[in-house]
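These notes open a run of structures that come right after.
In what comes next, chain A is part of two complexes: it sits with chain B in the first one and with chain C in the second one.
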Partner chain A sequence: MNVISDKLQVEGNRWIGTRTVRPDGADKVTGRAAYAADNTMPGMIWGKVLRSPHAHAVIRSVDTSKAEALPGVKAVVTARDIVDFPVDKSVMLGIQDMRWMCRNVMAREKALFHGHPIAAVAAINEEVAAEACRLIEVDYEVLPHVIEIEDAIRPDAPILHDFLKHEGKPSNIAGTMTAKLGDVEAGFAEADVIVERTFRTRPVHQGYIEPQACTVSYAADGRATIWSSSQGQFMVRAMTSLLTGVPQSNIKAIPAEIGGGFGAKTIIYLEPLALLLSKKSGRPVKMVMTREEVMRATGPTSGSFSTVRIGAKKDGTIVAAQGTFYIQAGCLPGGPLRGPVGCAFAPYEIPNVLSVGFDVVSNRSKVAAYRAPGAPLGAYAAECVLDEVAEKLGMDPLELRLKNSAKPGSKAAYGATFGKVTFEETVEAIRTHEHYKAPLERNPRPGVRRGRGVASGFWYNAGGESSAQVNITEDGNVLVTTGHPDVGGSRASIANVTAELLGIEHGRVSVQIGDTSSIGFSNLTGGSRVTFASAMVVTQSTEKVITQLRERAAKIWKIDPEAVTWENGEARPAGPNAGQFPPLTLKELAAKANEMGGPIGAGVQLNTQGADPGFATHVVDVEVDVDLGIVRVLRYTAAQDVGRALHPSYVEGQIQGGVVQGIGWALSEEYLYDRQGRLDNAGFLDYRMPVCSDVPMIEPVMLEIPNPKHPQGVRGVGEAPIVPPLAAIANAVYDALGKRFYSLPMSPPKVLEALEE
Partner chain B sequence: MAKVHVTTTINGEPAEFLCEPDKSMLDVLRNTLGLTGTKEGCGTGDCGACSITVDGRLVCACLMLAAEAEGHEIGTIEGMARGEALHPLQQKFLEMAALQCGICTPGVLIAAKSLLEKNPDPTETEVRFGLAGNLCRCTGYDKIVRAVLETAAEMRETAQ
Partner chain C sequence: MTDIRYLAPRSLEEAVSAFAAAQGAARILAGGTDLLVQMRNGVVKPGLIVDIKKIAEMTEIAETPEGGFRIGAAISGATLAEHPRFGKAWPGVLEAINLIGSKQVQGRASPGGNLCNGSPAGDSVPAMIAAGAVVTVQGPNGRRQMPVEAVPAGPGRTHLAPGEIVVSFTLPPRPAGSGDAYLRMIPRTEMDIAVVGCGVSLTLQGGTVTAARVGLGAVAPTVLLVEDAARALIGSRLEEEALEAAAAACRAACRPINDKRGTIAYRIKVAGVLLKRTAAIAAQRAGGN
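On to the complex of A and B.
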């Protein structure tokens, strides 16, 4: 379902908004697309990582002599080979602090989690490399460890880092963040109804199917080539440069096709190790993580321990909201506080808000971004409490949301004053949807109960640096290069935009992702920014190309360039006064390019602005088997303001994929640790992501309300869909059972336990 | 470790290779034969990214020893299209955007083809259970299921 509320750039569009075949499609359905692990280089050898068997231990010494003596071993690296960033001075790369990144890729003073890299080996094959890892002798002093948030913040908890202080004392609380508006206590004093609840969630993994992998060649001239998949080849270059000391100009990072990232591949693990192994051995080095390594040692997103309190007047006006969010950082600082603290109450106009986040370290792998980082944790707590407030007031939960929705000019606690706000439209779209009005058979068979729930969500979205180059080939076709890895069809959108602006057949446009040496700096594929930002720079580049084409035609016709228009892929005289000339096509102008001034092409490099936030409202029906404790999602409808869907299929796909990840988060996914602090379910059998038979069709309702700050009206789409599902499903389970769950996942053992209470 | 000499058929063509007896079919396909279209997502038979067929039967290549290929017919994603002509499933996946990152796609296509060979007229539920061994983290499965159902309908029509 697609609701278009404004005709901007819709009427008469030939390619924008159509479901064209993606430019990289044929390679991906035939197995030809080359992902991170699909590359080989001449003379290549294999790297492996030795990982800590302890959750927390001082590394007294690492003796690699026996490993180095093993025939077939070509190089060994340890923390000594990685550039050290002392803990007392922050060095930032984007949102990543290199003090923590250098300790994440290789344990330095201490092993901080089970699976923390201790050393890396390169050898003639994987078996020899694995044998060499076993020969490395590490002297550990095992320390007490701590896993759960509530344990980590106790006064007697084992402290991970002496240098981290909270309220003047060494602490596992690495930092705090506060968003404040008005006077929250005065607000609660006005409230007729106050609901306060505490919620717990477990860390969940992004679950990309492609494990991290890379091939790195460091040549005798000091130049390195990195082949890897990531959400930003420029991030790979910069972070590898910082961690190895090789200047950025000497590193070419080639973006392989990426087999899923969802935020996790905005940082690196293997590339610096492989580069150093390649430098020491003089051979290209390939490293591929196993799934077990991915689960143990790459970042999941945070678990949380949150308390939310909301106060409302009898008429439903929310007068105060307070949130306290303890967020897991993993073993090093940097949990996504901005997600829960800033997003939890952002859809609503609330005069008094106090939202505080705590960044808590424990002996787990360092967390990494996951789709709207942290926002689902805040929305889970806030949207479940809102459901209870609505119940207490005897109000429809969507009416409550509508009554309090943010409006143009509303001030959010995180600091923004909203311009165009499209939250109400998403609530209204669900309120009037057939799904929300459809009767629900509550007890279809014995032992089965059904319920319906709703929830909303907010995500900031982002602009930032992007580069594009649009070149006209000598035969009059078009090659577009951008600097963003394509995680879910962004090339398809770019092809639609370029063909539309040039007025040519879609098939004449090729879109590629440039490596770091062939396109200007482009920031990460993340923050729901790529289609927004790259469509902007591609539009500006294409407009420059069209200007050149008009100038060429003007030169040929010996008239003023202002007297030439570009229509349907041809230069034409602007009107009868301009003169009578037959149109010149792109092909004809390309053929004359050199005699008329040289090659035709233009690039734009820009810090893109104007990415307004995304809002979403969801409704879900669930069915609970009260004998087995299984919660099944029966029907799901997700409304979102998408700005402008350049390629509707891939916009729908973002919504559908985000929702199903949310279903997994709500019902089945969790990190489980044993008493020794070892991850107990480091594989897809026991870490249970939704499979095809677990879920129904997901109906996306795309509200196309153009973003006025974007040439095509694009608004970021990818992250908002994962924000509401946790609460929507929890609210639906309550509706089915009359029992509220304050802890995720709502897995069968927990549901059965709750039903037995 | 002494290598085993294996003679087999891959995508209809004779093939032979040497491998250690403990090497998986997946390892040999990818690292010995250069057939990297078959992907490794887990190595434990849980994700289906390495789905291949052995004498027409759907198998996770990571759970099969390469030496077991002796005398059998192996089918991989590289053999699904006939020259330039894509298999109807491949074509439909493109038209209906049934892939995002594409890493699970070869395995999903092999599994879907295998399903339709056994059951040319599956219900939505049968498609969902037929593909339950193939994890996809991007699409939420919606467009995959629709593409398989649509292809099945078209293939039935063509067959008549």
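On to the complex of A and C.
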């Protein structure tokens, strides 16, 4: 469903808003698309990582001599080869601190989780490399380990890092973050109804299909080429440079097609190791993680332990909200506190807010970003408590949200004062949707109960640095280069925008993703920023190209460029000259390019601004098999302000994908550890992501309310959809069973046990 | 690095002699959907692989003179599903075999592999036990027969003697008024391993159960034949008390573990629930015969 509020932006569009064939589609469905592991090179050898068998241990020594002596082994690297960033001085790259990254790619003083890299080997094939790993002798002093948040914050918990202090004492609390507005205690004093609950969630995996992989070739002249799959070739270049000491100008990072990332591929694991192995061996080195390595040793998102308290007056006015969010960081600091702390209460205008996050380290792999990092954790707690507040007040839960919704000029606790706010529209869209109004058959069969739940969500969205180059080929077609790996169909959207602006057939535009040496700096594919930011720089570049084209035509016609317009793919004389010359098409102008001034093309590099936040409201119907404790999602409708759907299929795909990931998070996904601190379900069989048959067709309701700060009205859409599902489903399960669940996932044994209480 | 030899003999005799001669360093390969996974994980490192899919008898479906079926142990689930009559006679056995994995896995996975892999959660095994299936086994000392429930010895272990290969499953003739069914509890709707699996085969005459067998999977170190549950059903008209008694017998038979797939308490409860649901489907199918 598509609700467009501003007709002006749509009428007359030929490509924007249409479902064109995606540029990378044919390659992907025919198996031709080259992912990171598809790369091979002459003389290439294989790298493998030796990983810690302990969850927590001091590394007394690492002896690689036997591995190095094994025939076929070409190089071995250890932490000594990685640039050491001392723990007392922060060195930031974006949101990543190199103190922690250098210890994440290779354990330094201590092994901090089962699977932590200890050394890496390159050999003539994978078998020899694996054999060499077995020959490395590591002397460990095994330490007690701690996995769960509640254990890690106990006073007697094993401490991971002596240098981390909280309230003056060594602690596993690595940091805190606070968002504050007004005076919560005064606010609660005014409340007629107060609900306070504590919630627990488990770490979940992003579920990308393609394991991390790379090939790195370090040449004799000190220049390195990296082929890898990531959410940012410039991030790969910068982080590899920092961790290896090779200057950025000597590294070319080539992005492969990416088989999913969802945030996880905004950091690297293998590239610095492969570069150092290549440097030592003089050979290109390829490294590919197994699925088991991906699950054990790359970052999922955090588990959480949160308490939320909300107070409201009898009429439904929320007067105070408080949240305490303990968020897992994994083994090194850096959990996504900003997600729960800033987003949990952001959809609402609440005068008194206190939101505090704690970054908790434990002996697990360091967390990585996952779609709206941390925001689902906060929304889960806040939106479930809101459901209880509505119940206590006898109010419809959507009415309660409408009554308190943020408005233009509302101040959010995280600091922003909102401009245009489109939250109410998402609530209204659900409230008036046929799904919300449809009667629900509560007991369709014996042993089966159904319920309905709603929840909302907020995500910041982001702008940031992007570069584009638009070139007209000699035969009069168009090549657009941007600097962002395409994880969600961004090339398709960019093709639509370029063809629209130039007024030409869509098929004449090719869109490619440049490597770090062929396009200007472009920040990560993350934060729901790529379509927003790259459409902006591509628009400005294309406008410059159009100006050049008008100038060329003016030169040919010997008239003033101001008197030339660009319409339907051709230059036309305008004003007093109108009709004096036959129009010049793109092809004709391209053919004359050199005689009239040289190649035609333009690029723009910007730190883009104006990415307004995203809001979403969801409704879900669930069915519970009360004898087996199985919860199934029957129907799901997700309304979101999408700004402008440049290519509706990929906007719908973002919404549907985010919801499905939320369903898995709510019902079946979790990292399970054994007593030795080893991950017990390191594979997709026992790490239960939903399969197709587990979910209904998710109905996206795209509210196209143009973002006034963007040339096409684009708003980021990739992250908001994963924010509401956890609470929406929990609220629906309550509606079905009359029992509230305060921990995820709501797996069958948990549900059955609760039903028997 | 270790070398692996691969043989694909055309006769059972050749297969048995190569398998026996390798003295435990060999592995039989049917569909390979367990074996290859285990080799990749480094759990098994065979020196010799004996592929049995080229042996005609092992991939055949034969109707026995008595009116039963004999199916080759290495037949794939997909092939079995295409047989015009097997699924009509044994819908429960077929659905159990067809539940294994996905479409891709179905093209390879065999009932023989499912049984010999020795997993207590193997889906076809409870249904085969409920069906009263008997396996024909060939080894260095010739042929013998054993009921399916006598094959598993514990997780990953069987009572097959060294060098023995399971050749086929023989399912008995179906009297009028018979039906079977298999249900498993998995948290997802597919691509999952049974937390509990239950196979029931019934024969009814005039609404009264005259014969019953119950197989229960994933609740003990081996798949179980639950004779007490069958006894509770025989002679009944599947009244609630009889079903509850059979469910109680199933719960009593459980000796499960807590693991990543389910808790002890959960598995025990679910065993009873599945018995009732499976029996209802089997009875409905029996009535439809």
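Observations on the model:
Criterion: the second predicted complex is superposed on the first by the 752 of 757 C-alpha atoms of A that agree within 3 Å, B and C clash if a C-alpha of one lies under 4 Å from a C-alpha of the other, contacts with A are read in each partner's own complex, and residues count from 1 in each chain.
Here is the rule we use: contacts are C-beta pairs under 8 Å (C-beta built on N, C-alpha and C of every residue); 3 or more make two chains touch, one makes a residue touch a chain.
Model, not experiment: these values are computed from the prediction.
Greater residue coverage of chain A by touch, when chain B is weighed against chain C, goes to B.
Of the two partner chains placed by superposition, chain B and chain C are both touched by A:S693. By the touch criterion defined above, A:V487 lies against chain B but remains apart from chain C after alignment on the C-alpha atoms of chain A. Of the two partner chains, chain B is the only one that A:E257 touches; chain C does not reach it.
Of the two partner chains placed by the overlay, neither chain B nor chain C lies in contact with A:K314.
By the touch criterion stated above, A:Q656 is placed in contact with chain B alone, chain C being left untouched.
Of the two partner chains, chain C is the only one that A:D680 touches; chain B does not reach it. With both structures placed on the common chain, the touch criterion links A:K66 to neither chain B nor chain C.
Common to the chain B-facing and chain C-facing surfaces of chain A are residues 685, 690-691, 693-694.
By the touch criterion stated above, chain C contacts chain A in their complex at residues 1, 185, 187-193, 195, 260-263, 265-266, 269-270, 273. Those residues of chain B that touch chain A in the complex are listed here as 30, 34-44, 46-47, 49, 76-78, 80-81, 86, 90, 93-97, 99-106, 109, 125, 127-129, 131-146.
Those residues of chain A that touch chain C in the complex are listed here as 127-128, 131, 627-630, 632, 667-668, 672, 680-681, 685-686, 688, 690-691, 693-694, 747-749, 752-753.
Those residues of chain A whose C-beta lies close enough to touch chain B in the complex are 19, 21-22, 24-26, 28-35, 37-38, 40, 206-211, 257-262, 288, 290-291, 487-489, 492, 647, 649-650, 652-653, 656-661, 683-685, 689-695, 697-698.
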